[in-house]
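Labels run A, B, C and D following the written order; every chain starts at residue 1.
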Amino acid sequence: MTERVGFIGLGIMGSGMAANLLRAGFDLTVWNRTPERAEALVAAGASRAATPADLGARCSIIFSCVSDTSDVIEVILGEQGVIEGAPPGALVVDMSTISPQGAQTIAAALAERGVHFLDAPVSGGSEGAARGTLSIMVGGPADQVARAMPCFQAMGATITHVGGHGDGQTVKLVNQILVVGTMLAISEALVFARASGVDLEKTLQAVSGGAAGSWMLSNRAPQCLRRDWRPGFTIDLQQKDLRLVLQAADEVGAPMLVTAQVFQLYRALQAAGMGQEGNHALIKALERLAGVEVGAGQG
Amino acid sequence: MTERVGFIGLGIMGSGMAANLLRAGFDLTVWNRTPERAEALVAAGASRAATPADLGARCSIIFSCVSDTSDVIEVILGEQGVIEGAPPGALVVDMSTISPQGAQTIAAALAERGVHFLDAPVSGGSEGAARGTLSIMVGGPADQVARAMPCFQAMGATITHVGGHGDGQTVKLVNQILVVGTMLAISEALVFARASGVDLEKTLQAVSGGAAGSWMLSNRAPQCLRRDWRPGFTIDLQQKDLRLVLQAADEVGAPMLVTAQVFQLYRALQAAGMGQEGNHALIKALERLAGVEVGAGQG
Amino acid sequence: MTERVGFIGLGIMGSGMAANLLRAGFDLTVWNRTPERAEALVAAGASRAATPADLGARCSIIFSCVSDTSDVIEVILGEQGVIEGAPPGALVVDMSTISPQGAQTIAAALAERGVHFLDAPVSGGSEGAARGTLSIMVGGPADQVARAMPCFQAMGATITHVGGHGDGQTVKLVNQILVVGTMLAISEALVFARASGVDLEKTLQAVSGGAAGSWMLSNRAPQCLRRDWRPGFTIDLQQKDLRLVLQAADEVGAPMLVTAQVFQLYRALQAAGMGQEGNHALIKALERLAGVEVGAGQG
Amino acid sequence: MTERVGFIGLGIMGSGMAANLLRAGFDLTVWNRTPERAEALVAAGASRAATPADLGARCSIIFSCVSDTSDVIEVILGEQGVIEGAPPGALVVDMSTISPQGAQTIAAALAERGVHFLDAPVSGGSEGAARGTLSIMVGGPADQVARAMPCFQAMGATITHVGGHGDGQTVKLVNQILVVGTMLAISEALVFARASGVDLEKTLQAVSGGAAGSWMLSNRAPQCLRRDWRPGFTIDLQQKDLRLVLQAADEVGAPMLVTAQVFQLYRALQAAGMGQEGNHALIKALERLAGVEVGAGQG
C-alpha cells in the first residue's frame, strides 16, 4: 500500500519537515491555520486540505507539528479535527513537544475510532528540520513505527523507538533537562573564568575536547563570547518545555533541583524582555548576579 | 641544548606520564616519596635522584605531579626541595591541580633564584596519562612553554597555552566546574527518566547525539545504568578540586550556585562512605532524595 | 441593615469558622457538599440551604471556604452556584486559598451581576479556625471590608485589609513562601547540629530567643526533635499552595529560587508517601540526603 | 575567692561587654592591640595590662573577644599570649566566633598547663553587648561554667550551657544558619510581593504575627522597605561566620544546600562593594536577579 501523507502545522519546524517529505517523493497534503504559509509547498507539488478533518479523510498517515498541547488536541480531536475525517486504520503522528500524559490521552481517544497514534517529538532546531537531520524520539507500537519509518527517515538522521505512547515525549523532556542543565554549568564556568581574568577563547579551546566537553559548549559557549544571542531555540520555547518537564516531574514524583532553578533564572530573563533570545542567554542571569559580562577579547 | 628531564611524583597519574617521557627518548631522572614506586621506571632506564634537591641539581626541566598545594610547595620550595638544587635557568613545570594563587606564589619564589616556572595541570585521567592523550592547560611565559613543548607532546594530545602564571590552574578549575555541572544535569535527567518509567538505554541512545550530548553523557551515564561506580576520577579527588574552585571563586568574587550545590551533594556521599567511587556516583545523591534507583533493564 | 450570613464549605477550617459566626450571634445559613458535615451546626441553630444558589438567595453576605480554585468557581459561578441566587448588592467573601488571578476573575464575574466580592484567605490552621484567632488577609474595596468586618472579627484575631481584589491571595502566598523558607533553614540547621553532635534541645533553647528565632522554630522544631509529624498543615496542602505561588510568580515574572527547591523536596516526600504529614517533615528530605536523623536525646 | 577579671579585645562588641563587667563591680584588667581603645575603660576604673601574658598573670578569669581564629590563637597561645602568664587553675573564656575545632585545640593546649577553658560565643549585636542583653552559648565543663556565671550574667540575658568544648561554637553556627536562611526566605517573599504589586507595609503587617513570623521579619524586613542598609551585622562578618559553617559542615559531613547558596549570593554582593552593609542586604542579590527593587510606598 502506498501511504498518502498529510502534514498539519507549517511553522518554522513543520515547513522544513514537510518540504523534506515532498522532496523524498511522498504524495503530500498540507494544512496550516494561516493558509499563506502553505503556498511554497503547494507550488512545489503538495495538495492543500480545507480543514484537518478534510486532511484526515484524504491521508493514511497524518503528521502534526504545532505549538502546544491545546493546539494538538484542537487539530486532532477538536471540531473539524483529524479525528472527524480519518478512517479506521489511519495513523496520526504528533511531532510537537507536549506532555507525555497529553500524548496518552490523544492515543486513547484515537484508539476508540480505530486510528493509530505515535508521539514523535524532535530535537535539532529549525536547521535540523530544514536539512532533514533531526533526532526523532518515537513512542508507540512497533508496527506503526515501522510503518512511519520511511517518512521519519526523510525528516531525521537519528530515529529511536523509545517505548510506548508518551515515552517519546518523556525522552524529549529528558533531552531538555540535559540541555538546560549543561547550559547552566557552562554559564557558571564562563562567569568564573571571566571573574578570574583568563582568556575565554583559549579557555574554551583547552576544555572543549575532553571530559568537560558537550554539544552546548562547542556550539553555544562561543556564541556567548561573541554576545550573539540569536536563538537556536528561544527562551520562551525553552520555558514552555520546562513547564512540561516540571509538570511531568510533579506527576511522577521526581524532584528536580536543577531544572527548577533554571526555570526561575529564565523567568527572570523573560521578565526583563529577553524571551526571544536563545536559550544560551541563560548566562545573562548569572552575569547579572555576578556583575560581570562574558565576552571575547576579555582576559 | 639537550634537556635533562626530571619527574617528581609517581602516583597513578605521574607514573604514566613519566613512562611516556622515557618512551619518547628523554633522559629521565625520577623521585618519589615512596621509593618503591620508582622501580619499574628505573628498570626501564630512568635514573633515580636521592631528593628533590638532588633531582633539581641534575635536570634542566623538572616536572612535578603530586597531591595538593602543600605537597607541591614542599617538594619544590621546602627543605631538600627542588629550589635547593636547581640552577638559574632551570624550568620547573607543576602538573598537579592546585590553586591559581599557589601557582603564582611558587612562580614568584622560583623567579627570585632565576628559575622558570609553568603551571600545567592536566585532564584525561589515569588512562589519558598512560596513553599520552592528556589535555594539558599551560600557564606561564611563551618561551618556556615552547621549551617544554616536546615533553608535553610526549604526555598529551591537546596542549593549550592559556595565559600567564596561574592561568593553567584557573582553566583546569573551569574544566572541573563543567564536569560536575554536566554530571548534575545528567543525574537529574536520569532520575526523571527512571521515575517516568522509560527505558533508560533507549533514552541515552536517543539523546546522546544531539544538543543534549556531552562526553560525560556518552561515557559516564552508561556506567550509571550498569551501576558501575569504578572511578575515572574519585569523589574524594573531585571534592579536593571543588574546594579549590570554591576558594578561588571566593577570592575573585564569583558566585557559584551550581558548584556549591554539587559540593554539598558530594559531601553527603562522602559522609556515607562513597568517597572512593567515581564522580558519576553524584547521581546517588539525587537517587537518595528521589527514592529511586537508576539501572539498566528498568523501564 | 442586619446581614444574613451564609457559609459554604464546612471542612476542617470552615466548620470552626462557621461555628464562631453562629456563636457571635449571626443569623447563619450553611451549605456543604456532604450534607452530614452540617448537622452539628444545624443542631446549634444554623439553617441549611439546598444549594449554593439557594444559600445565595437567602443571605446578604456569603462566605466560602473550600479546597481549590475549581471548587470555588463551581460553588460561586457554576450551575446552581451562588451567582444564580445572590441579588445585586450581596457580598461574596471567599476565604479559600486560590490564585490571585482566580480571585480577580470571580470578582469580575460577580460585578457583572452587581454582586460584591472580597478575597480573604486565612492563616492559623484548624486550631485558629476553632478558636477564632485566625489571621485574615483581605483584598477588595474598603466599604465591603468594613461591611464584613463584624464577621471577620468573629473568626479572626488579626484582620488586615491589604489591597484590591486578589491582593489578599497574594499576601497569603507571601505568607506561605515565608513559612516554607523558614522551615528549610530550620531543617538545614538541625541536620548540621545533629551531624555535629550537639544536644539538640539545648541548641533550640539557646537560639530560639534571638535573631535566629521564628514561630516555626519555636513551634515546629521541637516537634521535629520528638519526631512528631502530626500536621498543623499537611505537606499535600502545602504543595497545593506552593503550586499557586509558583504559578503566580511565573505570571508576574518573579524568580523563586528557594520556593522552587522546597517544592521539589516536598515532592520527593510525597512520592515516598508522606503527603499527610506536617509541613515540618520537610526536614526528612535533608535527613535522607545527609543520612542522619534528628531526634531528642541525641547529642 | 574573689575572681580578678581580664578582658582582651575592646572592639565594637568587647568594649560594651567589658564596660558591663566593670559596671557590675568586677575588678577588671583590660588589653587591646590598639591601646587607645582602652582609655574610656581605664578612665572608668579598669587597670591596663602591658600584654596578654601580663593580663594572664594578673587575672583569674580571662575573657577574649577578637576577630577570628588566628587572632584568638595569637592572644591566647602565641608569643606574649595569655598562656605565658596564666597560672594553673585560671580560666580562659573565649567569646569570639571561631571554629568548633579551633576551640577544642585551644582547650587542649591550655589543659596541658592546667588552665581551664570555655568557648562562649554570643549573639545580639553591638546593641546587645552595650545593654548586657546578649545570648551566650557556652561549651565546656559545668564547674567552670558555674564559675564564670556571675560574669556572664553581667554581659548577657540568656546564658545556655550547651555542651562540651566547641559546642558553644557549634550552636553559634546553628544560629547563623538560621539567621541567613530566614533572611533568604524573607528576601524571596518580598521580591515576589513587589513583583505582584501588593502594598509591602500592609503585607508585613498581615504576615508578621503568625506562622510566617520571625525576628528577622519583624526587625530587618522593615529596614529593607526603607532601603536602610545600616548593619546590625555586616555582610563581611556574616561571610566570615558562614565560612566557619561551611568548613565545620565539611568536617562533619553535613550537606548545606541553603547556606552554600546564601554564601554565594553574599559573595556577589561583596564583589559589588556591599560588604559593609547589613546582612539583610541579601535581598539585593535577588532584586538584581529579578530586576525589581523592594521599597516602601510601592504597591
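Basically, a residue touches a chain if its C-beta (ideal position, glycine included) is under 8 Å from a C-beta of that chain, and two chains touch if they have at least 3 such contacts.
Note that the structure is a prediction, hence the values are computed from the model and not measured.
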Margin query: I'd like to know which pair from A-B, C-D or B-D copies the A-C interface, where a copy means over half of the contact pairs are the same by residue number.
Written below: B-D
Next item on the list: Find the geometric centre of each of subunit A and subunit B from their Cα atoms only, then give the gap between the two centres in Å, rounded to an integer.
Entry: 37
Note to self: From the mean C-alpha coordinate of subunit A to that of subunit D, what's the distance rounded to whole Å?
What the structure shows: 54
Margin query: Please output the residue numbers of subunit A that touch at least 2 other chains, ranges allowed.
Written below: 195, 249, 252-257, 261, 265, 268, 271, 289-290
Note to self: How are the chains arranged in terms of who touches whom: line, ring, star, complete or other?
What the structure shows: complete
Item checked: Residues of subunit C touching subunit D in the complex -> 100, 123-125, 135, 137, 158, 160-163, 167, 170-171, 173-182, 184-186, 188-199, 202-203, 205-207, 209-217, 219, 232-233, 245, 248-249, 252-259, 261, 286, 289-290, 292, 299
Notebook entry, point to check: Which positions of subunit C touch subunit B when the two form their complex?
Noted result: 195, 265, 268, 271-272, 285, 288-291
Next item on the list: Going by the contact rule at the top, pick out the subunit C residues touching subunit A in the complex.
Entry: 243, 249-250, 252-257, 260-261, 263-265, 267-268, 270-271
